[in-house]
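Pasting a structure here, questions to come.
Should a chain be cited, it is by its letter among A, B, C, D, E and F, assigned in written order, with residues numbered from 1 in that chain.
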Amino acid sequence: MHIGVPNETTRAERRVATSPQVIAALIAEGADVSVESGAGTAAGFTDEVLAGAGAEIVASLTDTTPLDILLRVTPPDDDALKLIRDGGAVIGLLAPAANAERYLAQSHIAAVALESLPRSTLAQSMDALSSQATAAGYAAVLLGASSMPKFMPMMVTAAGTVPPAQVLVLGVGVAGLMAIATAKRLGAVVYAYDIRPETKEQVESLGGRFVDAPTQEMDEGGYARAVDDETAAKQREILSDIVASSDLVITTAQVPGRAAPRLIDRADVERMEPGTVIVDMAAASGGNVEGSVPGEVVEIGGVKVFGPDDLASTVAADSSRMLARNLLELVKRMTVDGELLIDPDDPVVGPALVKRETPDE
Amino acid sequence: MTELSYLAAGVLFILGLKGLTSPASAKKGNRLAALGMLLAVIVVVVDLVLDDSSMAWFVVIGGVVVGTVAGGLLALRVQMTDMPQLVAAFNGFGGGASALVAAASIVAVGAAAPTETAITTALSLTIGTITLTGSFVAFGKLQGILPGRPIAPPGGTATNAILAGVGTVAAVIAVITGDAIYYWVAAAMWGIVGVTGVFPIGGADMPVVISLLNSLSGIAAAMAGFVISNHGLIVGGALVGAAGLILTIEMSVAMNRSIANILFSGFGGGPAAEDIGTKPVKRATADDAAIALAYADTVMIVPGYGLAVAQAQHAVRDLAAALEARDVKVHYAIHPVAGRMPGHMNVLLAEADIDYELLLDLDHANPQLPHTDVVLIVGANDVVNPSARTDPTSPIYGMPILNVDEAKTVIVVKRSLSPGFAGIDNPLFYEEGTMMYFADAKAALEDTLTAVERL
Amino acid sequence: MSDAFISGIVVFVLSSFVGFEIIRRVPPTLHTPLMSGANAISGVTIVGALIAAATGSGAVAAVLGFLAVVFATINVIGGFLVTDRMLEMFKKVPGRKS
Amino acid sequence: MHIGVPNETTRAERRVATSPQVIAALIAEGADVSVESGAGTAAGFTDEVLAGAGAEIVASLTDTTPLDILLRVTPPDDDALKLIRDGGAVIGLLAPAANAERYLAQSHIAAVALESLPRSTLAQSMDALSSQATAAGYAAVLLGASSMPKFMPMMVTAAGTVPPAQVLVLGVGVAGLMAIATAKRLGAVVYAYDIRPETKEQVESLGGRFVDAPTQEMDEGGYARAVDDETAAKQREILSDIVASSDLVITTAQVPGRAAPRLIDRADVERMEPGTVIVDMAAASGGNVEGSVPGEVVEIGGVKVFGPDDLASTVAADSSRMLARNLLELVKRMTVDGELLIDPDDPVVGPALVKRETPDE
Amino acid sequence: MTELSYLAAGVLFILGLKGLTSPASAKKGNRLAALGMLLAVIVVVVDLVLDDSSMAWFVVIGGVVVGTVAGGLLALRVQMTDMPQLVAAFNGFGGGASALVAAASIVAVGAAAPTETAITTALSLTIGTITLTGSFVAFGKLQGILPGRPIAPPGGTATNAILAGVGTVAAVIAVITGDAIYYWVAAAMWGIVGVTGVFPIGGADMPVVISLLNSLSGIAAAMAGFVISNHGLIVGGALVGAAGLILTIEMSVAMNRSIANILFSGFGGGPAAEDIGTKPVKRATADDAAIALAYADTVMIVPGYGLAVAQAQHAVRDLAAALEARDVKVHYAIHPVAGRMPGHMNVLLAEADIDYELLLDLDHANPQLPHTDVVLIVGANDVVNPSARTDPTSPIYGMPILNVDEAKTVIVVKRSLSPGFAGIDNPLFYEEGTMMYFADAKAALEDTLTAVERL
Amino acid sequence: MSDAFISGIVVFVLSSFVGFEIIRRVPPTLHTPLMSGANAISGVTIVGALIAAATGSGAVAAVLGFLAVVFATINVIGGFLVTDRMLEMFKKVPGRKS
């Protein structure tokens, strides 16, 4: 079985879809692994290190025999899909919502989107959304803390008492929890809010304080539903005050398949003190904060609003390692005796296959 | 000299009983008490020999030989799990002996006894008899000869009250008239109360009942001491009477019940013993956990989401420190998906400043578990669910879990039998080697620490 | 009331106090051995049984005495032995915190 | 008494020599305070806020009457000193070693250098070196952590176990201690080393581990002396190994009045893994790390070496507040009944006055 | 009835003494014991009246009146600080009374007494006398009438051994011959031993000596009980004898000394009581700290560099939690320069997850301190040094400090009297309201927690 | 040895056990009140003193008896009163941890 890993590094993307440990594991499973030269450099995996782990380093994947599996961090273009043999597969964060048609057009291959894996206990070792959200949540706090002109922790010093920073985390999924934990570690007072009521316990389990705004049961998939206008208005009212008194706000709220909910208006931002910071982790999918721009930082009334699109990439070594582990587990599940075998009825792999929507959905 | 020797025996009983209250000295305590008993027996035998009245040698020797063989065989042959019912049986014999001593005195002295002796004779006789019959019913229930479930007599509590009333009146008449027949009536009535009183009590509550009967057998012995004017019997009997009563109270407190509730709930007076779940689990208290942990060589702590909810990270650290001070090796097994976010447990344990080197991930923990004496699971559930290994129909089948069931003993701290995130039942909780400690994780760990420090 | 009886009462009350005071918070795992050990001690009635058996006259008394001795001996011998066996589980003596 | 605060903001300098609280306190003491417009903006103190605290906002201090006291974050140029009346004073971080002659040339004023205050318990409330080192130590860790491609804390996750980062702090003065504390908070395993033996206990009091390399008693001033070549060589040998295995190295070693000691050679840097980071806080005074450049980041064999010159400025709001408090306490000590009164024999102020070196020194 | 009433009095003594072992029940305990005493006195008086022999009324009534007035006035007038010596004096009277009872019996019965009575009479007499003289020497030392410092008799221990030997021989002869004069010789010798034995013991050790003498007075009373065949005296006396002995051992353990060391160190046998520093400080143990903290309404914890060195942040949190559970309000006063870096204390307290709202800086803490019951200083020194306020020559004069000396009680936890960073002595340690608890901060806080939980 | 004497010994031994067992780890702040209370109890010798005073014949016996009563009464009355005063400091009854 031949597995290929391309070089995807750009300004915003420093991750790679493999790691030295995973290359070694794949080879132990009987696969050949080809990696494009420089693919891992930005993540700290030099060509030598990857070759040392057993990978064949190639200038371009086009130089090598057809691939059984192409591993990707980001959605590939159509040329990249041509590298794959008939009956082979591309696996990665494929952004299926936007790209499904393109993949389906290449009917000789199967596209397995990590985003569509079930969020079940069983599938957790392949759950790249979780692993990358972990990295992003951590990185968001570091970004916020280094962009703030104040300390996170409280300090009683001979030059006066510095009060602790107040951090607000909106949306308590994986990234939100990680953000709470990291801000708490740095000594901030952390408030958090999510529409799902069970997150209250989770927030408190990390030492955070839950903001007492209306919540709402989740749907069967375990995801939050879009909320009605009235609830949303009430939410915004309560949140507006707590936003105004925060030094750092991190927003992570998402509703799968829909635009991210707007949680903070421009007026709310303008109520914040100059020098405070907002990190809108949902900027790319519409933004939780009015005025946030994906990949940029804008200043609104002295408040820095970040819309970062590369958070997981800022800890590229570890986020790549985790992503690679997710891919390894999925590849293992999709192979039988060293041969790729895609079972559309598998409870884990099945939902991740990019398929034409069936009428009843 | 005789009297002072009995006093010495009494002192040995006291020291022995004291020793039995702590694990470190229990064995020695039991032996001291046995030594005291030997002394008492030697004293009485020497005394009888010196007396050289027409001593009925063959009766004495025959009785001792028969008793020794029977008692010895029973004690040495019995299986560990059958010990409680054996204790009940022995207790019944003790009560019976006191009743027989009283009976012999009635036959020998009869109406000639002064009132005070008559009173103690009646007490020794009736208390001894109720101990005898009650203990054997308890034995039968535990041994499975009699049905374990509560069975109330026809008429319920009223029947027992009438029997007891008749028995008491008969005893009073016996004391006044000295007429032996009334003694026998009193004994018979109270003997029946022993049966009808214990029958309605469920098997799970038997230990408390046996402890109470044990206290009674002590009192019966003390009363027999009054009958034959012997301080040795009075000291030993009163000691056991009082200690047994306190122990009974302690045991019912440990079960969160009152003694009255235990004795009379079979009559419809209180809740059933098993209130959580339908399958039986072995419940543990802080003291059980403390003993298991403190006497282990290796302990593996498995934290889960419940540790985070309870914010028990500081408590777990304190407990581990106390165990380490006792040369117990403590590690932590961190399952990859424990908690509700990646690294959830790490955040908490780092806050409590627990050394990274003590944290084992799945791959390192699992090979250790078969060599681990005690696994302490703190608010974890799905990550230790063996159905992931054994039950192909389980939604988590195939997920790697911590194989805690390979360790010798497993203690699970959680608040109830409710499921974890995956919403499925956990067969681990019902396994032989598992003890369930139902409590909030923080409170449980703190109480266990206190208990460890008391050991 | 005879002097002997009264001093018996004094001894009874004092012994009861000793019994009450000795039993402090006992770890539940020790409940059964402690009960068993106490039960063996209550077999002290063997002293009475021996006296009854040795001094009783007449068939009835002999039978009662004999039975009393058998019962009491079972209680004593069996009681101490079984307690000893139960206590096997506490072999390791723990190091104390310094 | 008239006190002036100039606008000193540049790329590297975002601090200001006052704060709203301190302005209010100075006015309560009977002083007038003039602040140049925009002086506090980068620290989050807008003109409105400062005016609200009672300051007169001026376009330039040249517009206002002569000053009794000029407060400075950085050494002033000669023109700035002209703003001060005869017998007045300039107070601030004046870099006396480099600039003493310039100040002495302006004989009409006194120059009070915060750097020269005694490091005694009594003077701690004025000790700006401490307060700014506190900020710098914190900022250095945030800089290092956000520049590293890996996590600081350990994480056991479904996508593999991430080991904790290893952080090494060289030089355990105020900044070093703060760096240890901050890295520890973020979950790293922290090693530290200082030439002064008493720092071992201090390192351990923060949960750090002391590196077992040779140490040496301090001089009377409580500062480390320059070490002899042999000791230095032995030090470097032991440190080289621990440097090689570290993910983040923060160096803070200074010897007052001398160039910073060289603790890490280029060869040591090259032994580090690609993707690791060094923050040389002593870069401006010669550098603890061979190859570090003040104000820049250089890459040596995949290792990022920072020589930041603006660390305290990255938390400009709090570092300005602390500096302002230090200045307030010093001004209070130097005034009697609302009038400036410089007592060269005062045990605190005396040593801070820039004087011509006396022969015996 | 008489005997049983004495038994009832004895039971009240037992319950009373038990009550006295815990702060919550001590007051009730004392009153129960007093009730027992009242009962015993009523019984004996009724008995004597019923006996209506030629009772010497005026002697009895006169004695009781004199004793009541004297004892009552002394007890009610004495100042708190003088109580220990008063207890010593009372104890002396008690021992004297037992000796006098024995003496009266010697005078009345003389050589006619059976050996066993003679033995107990001799014991009651000699033990009573040594209690009498020893207690009054202790009283004199504490009251300042006699010199507090240790003074050994000429000849040292040998002298005492000879006196005791002569006394013992005289007592043996007295028992054998029944000759009263030997009794008096024995009493005189042992009376002198009481004086020469206590004189060499330093004032600081007096409480232990008084406790030992208290135990002796109990034994003397029990012996007197044998002399007059009274179970009430035997029960009460033996109870105090045993309890007093245990208490004496506990007290010497709390002082980290052995009893022998305390009794004989004045003869050059052991180290002096004050081994740290030259100025005297009031030392405290975990139990003292626990009582002070647990019974306070408001506690202020002042952490310093020593807390960091000992890594006691988790321990301090646990102790505070236990106090809060007892409705004690706990805050933390953080001095700006506590520790060795700015914010040092914050790092530690945040790690232990202590709520920011409980942390008071200097400006907020100082106004609270005069209303604070107990200040617990954990490894801080310079930041609470009052010479910054009071001593213009101090190198830290003028530095603002935490004015902990304005609180009612101050407990300082540190390992020794050595100075902090500034290298200067701290007058706080020698102040009246300050207790020094010398220990590593972590161990001290953990021990105090254990002690609080035992209260 | 007389029976009364022997039962006295039994009572003495048992009472001593009760005394030993009752005194557990007592907080040092209670040492003085406990000592003082125990001291007052040892004043039970007042019973003997009263008997001696009431039944003694002759001047010597009267004086001895009188003194014994005075001493014992001081011990009893003073002892209980002073203990009570010392215990004033434990007025607040602590809330227990739930």
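Here, a residue touches a chain if its C-beta (ideal position, glycine included) is under 8 Å from a C-beta of that chain, and two chains touch if they have at least 3 such contacts.
Bear in mind that the values here come from a model prediction, so they are computed numbers and not experimental data.
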Which chain has its C-alpha centroid at the greatest distance from the C-alpha centroid of chain A? F
Given that chain B and chain E share one sequence, their CA atoms superpose after a rotation (degrees, nearest 5) of 180
When chain C touches chain F, do the two copies use mostly the same residue numbers, with over half shared, or different ones? same
Suppose chain centres are the mean of their C-alpha atoms. Which chain sits farthest from chain C? D
Applying the document's contact definition, name the chain pair with more C-beta pairs in contact, D-E or E-F. E-F
Between chain C and chain E, centroid-to-centroid distance (C-alpha), Å: 39
I'd like to verify one number: the distance from the centre of chain D to the centre of chain F, where each centre is the average of its C-alpha atoms, in whole angstrom. 72
How big is the gap, in whole Å, between where the Cα atoms of chain A centre and where those of chain F centre? 78
Of all residues in chain B, the ones touching two or more other chains: 10, 14, 18, 231, 235, 311, 336-337, 342-343, 347, 350-351, 353, 453
What positions in chain D touch 2 or more of the other chains? 124-125, 130-131, 134, 153, 155, 157-160, 162, 185, 187, 207
I need the residues of chain C touching at least two other chains; which ones are they? 4, 7, 10-11, 13-15, 17-18, 21-22, 24
Set of all touching chain pairs, with the criterion as stated earlier: A-B, A-D, A-E, B-C, B-D, B-E, B-F, C-E, C-F, D-E, E-F
Chain E-touching residues of chain B, taken from the complex the two chains share: 311, 314, 317-318, 351-353, 450, 453
So in the complex, the part of chain A that touches chain E is made up of which residues? 153-164, 187, 189, 207
In their complex, what parts of chain E are in touch with chain A? 334-338, 342-343, 345-347, 350, 353, 356, 359, 361-362
Please give the residue numbers of chain E that touch chain D in the complex, ascending. 305, 308-309, 311, 336-337, 339-344, 347, 350-351, 382, 395-399, 421-422
Which residues of chain E touch chain F once you look at their complex with the stated criterion? 6, 9-10, 13-14, 16-18, 20-24, 26-27, 29-31, 33-34, 36-37, 40-41, 43-45, 48, 53-57, 59-60, 62-64, 66-68, 70-72, 74-76, 78, 80, 83-84, 86-87, 90-91, 93-94, 96-98, 100-101, 103-105, 107-108, 114, 116-117, 207, 210-211, 214, 217-218, 220-222, 224-247, 250-251, 254, 285, 287-288, 290-292, 294-295, 322, 325-327, 451, 453-455
